[in-house]
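Shared chain: chain A. Partners: chain B in the first complex, chain C in the second.
Our next item is the complex of A and B:
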């Protein structure tokens, strides 16, 4: 080491050379994740949404054991309005509507969660691969994503559903095939911006592998998007399943909200004024959708300030305009130099 | 000159052109152009230059985060670009470490400080067993002045100040027992009051652990404080290289003189100069021939706008690329005079 050091500097050095000790505040136990969850718990929208969703999940899980009648059996006269015997009335063939609604929750929510999981996993795989690998891999996957996005969803759904044997898993397959692209696109662009961050470069320089960088360095930083995408996909699946079944493209012997509506329509519920056969399933679909949307709004609210600051960091890191660099100088210095 | 010296890194004619991005846009950003310098073992060599002069890009090229357009990166006598064409080997990753410019971007917000330091230890199999791992993490945190270590290890990056994060960056770099650390403006984003602390940490590490440092900065005063040899970069090119003291006392290149003319005191660094210089940095997009400094140079001559000056050695270990020196004609081969430590 050259020891010829400016004395002024040396003096300055002895003044301030003591390393600044870490602030001696107690270590905060709360991790980041629980911080976000904590904020969510305080959020009104999240509370309302979670209440609705949890209620319906409980209905789906426990309900079938508690219902008064077998939803597939004829247990009364046709189209009887709500009464003490049949709280939600009976449908056009004399089946109990309450039992149908409760049991239908299971099929609808199961479809939602299964499709949501598949779509999320596929979205992460394809979106992150495209965003991280870039180049030709990205060109190929992006084209694929765009094609799926551009093809009008409902017609494709109908065509696919019409060709496959009617059934629970066919619908899940159809909804997964048509539903993964949107999440992929969002995750792709998020991955692209996160991979430019110095912490990714830093992981590369210490020798982390690609897969590990994607899953352990990048993915945890977009969990809010992943979770929001999951709920969105669940919503989409429940709605689309109901839509397909309503059009008669499901398996009509399966008890689900969509099929309940299909049968109500088939039995001319509107014409005979049997509104009670339409409202319970229709309202359930709407309420569940509302609940998931509320949760997503809340996630957005809670995480957005953070996203905003991430975006700022990203733009600084893009290392372009000189004016961003200005911020490097402490204001005190700028004033001191009188410029 | 360079023959007798033990060079850990020898960078030759390193060049990086970034495509402009547009599909039909064939123009290139000449971020790093024909950069040649050497890093002798256990020394600190500085790369000084203003914003956008290509310093970070040079460091990223050496650490092989990006691949150069052309040039050689000779590590321990071997051109790693040729011996490891598919990307850096794990061994090279372990030997060459980098400390990043922005302490707020270089730590992953999702992981604890402990995780950041454990990972390299595990990847490079530096320790075995949980206990040893934990001890080593704590030892490293203590080394960089981040005690009490067990508290720090449990924290998340957002709980630390910029200076503390930069120390974590050093601890992480040190964890793999590297031979070279590329420190990319490690103090530029820190408050003036804590800069010297981090610089002293670097100095101590170079002296104690036999490490070699490439110190990147835009502050020529800190370059002189910390390093043996300083290279000046301008618009992607090396314009002058000399022992740090010589550079400060006998600057040869007009740009170096400009940098030095406005150093009011060590702490304020180059602020005044930097603000004056802003907006005048020449475009790096397909630059015209000739000296890149011509637009701002008080001594500019006709030849400057046409021919790129070659490197001329004007004193031992002191070379400059400027038509004011030498015969002012076509340049001698840059390598010949350039590869001074």
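Our next item is the complex of A and C:
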């Protein structure tokens, strides 16, 4: 599970959500979005992360048509090390590890994106309702959020998965039920601070409805948090699905990274020294998680100027003749467009 | 003190929610829960009459209305009555849990202290030397380490250091030839068995502390009192630790409580891979042997433990941060 990354993310996000510099007027959406994307593309961390993620998405989409063998068929001797015939070797029952890894990407990434979408939508609904309504509604919803957050995730996942019939959609359901609270919490606090801003007050004065204010005024102003939350949820889902499958709680005939590891462990791959059955799937999970985390890390740096590294600050300075006092405090920069 | 009381009420609600969840889960399963579980158990082959009786009791196959069953269940949980384990029959669930609890606490506690300590110090230094090569290199490296799945790094360590190089023992918490006591040979055996599991948890979890500490520290270093301390000419070490890190520790403490659950999850996987006889190992074995009473009892105990730990952290927080007391 990419648990510690989530922790880091949370730290980072609460960081973003509270001391965000006040934006007194709603910046025009299109301009702001292109600004953020532009900054992201310049960021080396985001570029590396995006490259990895796009690579694996391509593998998931195209890979199954390109693999040399059927991942469910026995095509060789058991536990043969990597060779020209089997680039990643064969597993404990003689199946091709490369094909298993490539085809496994599809199930893992699909789970990630489906759960990520569900979790994000639920997170927005509950978090924004709690943050905007305040009072009783907020008391109830934030207690709910905190309870889901505090009940230890993996034991709950295990208990839920043990009671439900094993299958793809059971896992999707279980991961969505346990995963929505994280985003809700961050979005709630961000909504609470944004609804105090002048542009919301003026929207209220103009007579806009609550729903419109929430979706058209507030939501666009916290897109970076929503996007970061989505990536975090995808990461969580991929890791947790693999974890459940590794424990034997998935559908073992499904080809996915978690099941590959489950079979490796079950066929005592480590005892016979068959490291090649373990490396590809595990490394893929780690790389995808790393890719998403790097994008999130970069989003954080871009949207929270305090975290911008000195290198970036310096590169902005080079373009614009300005003097910055060398101090430990966050440098204040005026960009040309006065943003 | 009202803060503590409010927190206590929240934890009570959370505990009630998890008991209720635990009660309704098996009963909400598609189909008739009792007979589905029975069918699963029968599918395993041997089934004792005692098992059937225990399951009947635990899953309300009696004809009482749901609400009566619910209050009966509540009463049992609150009096520490978790039923009888079917895989360790006739041991009560609570006794089985007791054997595992101590090992999980030792394993997690050690791993938590080490990763928190090293991670925080590295984070403080990274924030202090912002923009240096070290600060540019460490975050990506630790984000990558944090992305490694627990259930992958643990088998790799096991393979490398237990099987290939044969430096550390491969399984269990101590050498089973020894009997548990406070002799040096036993304690050293416990430590030797702990190194690989702890290492796998530390590798994965250290990055979270590092990045969290770094970000908080960066925010704090831009505060006026830090500039003031520097202007006064205080030594950099004193400013870094006495003014920066000391204040950055406080928010980190809250995430400490929040991340307990995450680290616990990692510890469960690690225990499974190393056959470390803690709660995680028991949990996964209970799932495999369809020992539902033990599985649910473990979920209950783990949840209670996390709630309790968080409550302790809240109390600590009030002691450390005087501002909270005024609310």
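By our rule, the second predicted complex is superposed on the first by the 275 of 339 C-alpha atoms of A that agree within 3 Å, B and C clash if a C-alpha of one lies under 4 Å from a C-alpha of the other, contacts with A are read in each partner's own complex, and residues count from 1 in each chain.
Operating definition for what follows: a contact is a pair of C-beta atoms (placed from the backbone, for glycine too) under 8 Å apart; a residue touches a chain by one contact, two chains touch by 3 or more.
All of these numbers come straight from a predicted model, not from anything done at the bench.
Peer 1: For the three-chain arrangement built by superposition, which of chain B and chain C touches the greater number of chain A residues?
Peer 2: C
Peer 1: So, does A:261 touch the first partner chain B, the second partner chain C, both, or neither?
Peer 2: It touches chain C, and chain B stays clear.
Peer 1: For A:289, select first, second, both or neither according to whether it touches chain B, chain C, the two together, or no partner.
Peer 2: A:289: touches chain C, not chain B.
Peer 1: Identify the partner contact of A:278: answer first if only chain B is touched, second if only chain C is, both if each is, neither if none is.
Peer 2: second
Peer 1: Could you tell me if A:270 is touching chain B, chain C, both of them or neither one (first, second, both, neither)?
Peer 2: The second partner, chain C, only.
Peer 1: Just to be sure I read the superposition right, which of the two partners does A:143 touch: chain B = first, chain C = second, or both, or neither?
Peer 2: After superposition on chain A, A:143 lies in contact with chain C alone.
Peer 1: Looking at A:199, would you say it contacts chain B, chain C, both, or neither? Reply first, second, both or neither.
Peer 2: first
Peer 1: Touching A:242 in the superposition: chain B (first), chain C (second), both, neither?
Peer 2: second
Peer 1: If you lay the two complexes on top of each other, which residues of chain A touch chain B in one and chain C in the other?
Peer 2: Shared contact residues on chain A: 1-2, 4-6, 8, 12, 19, 328-330.
Peer 1: Okay, in this complex, where on chain A does chain C touch?
Peer 2: 1-8, 10-12, 15, 19, 45, 48, 143, 146-147, 149-156, 158-160, 162-165, 235, 239, 242-243, 246-249, 261, 264-265, 270-271, 273, 275, 278, 281-283, 285-287, 289-290, 293-294, 297, 306-307, 309-311, 327-330
Peer 1: Within the complex, which stretch of chain B touches chain A?
Peer 2: Those in contact with chain A are residues 43-44, 51-52, 56, 60, 63, 65, 90, 93-94, 96-98, 100-102, 104-111, 119-120, 123-124, 144-148, 151-152, 154-156, 158-161, 163-164, 167, 169, 172, 175-176, 188-189, 191-194, 196-197, 199-201, 203, 206-207, 221, 224-225, 227-228, 243-245, 264-268, 271-272, 274-275, 278-279, 281.
Peer 1: Show me the residue ranges of chain C that touch chain A in the complex, using the header's touch definition.
Peer 2: These residues of chain C touch chain A: 10, 13-14, 17-18, 21-22, 25-26, 29-30, 130-131, 135-136, 139-140, 143-144, 146-153, 155-156, 158-159, 163-164, 204-212, 215-216, 218-219, 221-222, 226-227, 230, 251-252, 255, 258-266, 268-269, 272-273, 283-284, 287-288, 292, 295-296, 298-299, 302-303, 306-307, 310.
Peer 1: Which residues of chain A touch chain B once you look at their complex with the stated criterion?
Peer 2: So the residues of chain A in touch with chain B come to 1-2, 4-6, 8-9, 12-13, 16-23, 27-28, 31-32, 197-199, 201-208, 217, 220-221, 313, 316-317, 319, 322, 325, 328-330, 332-334, 336-337, 339.
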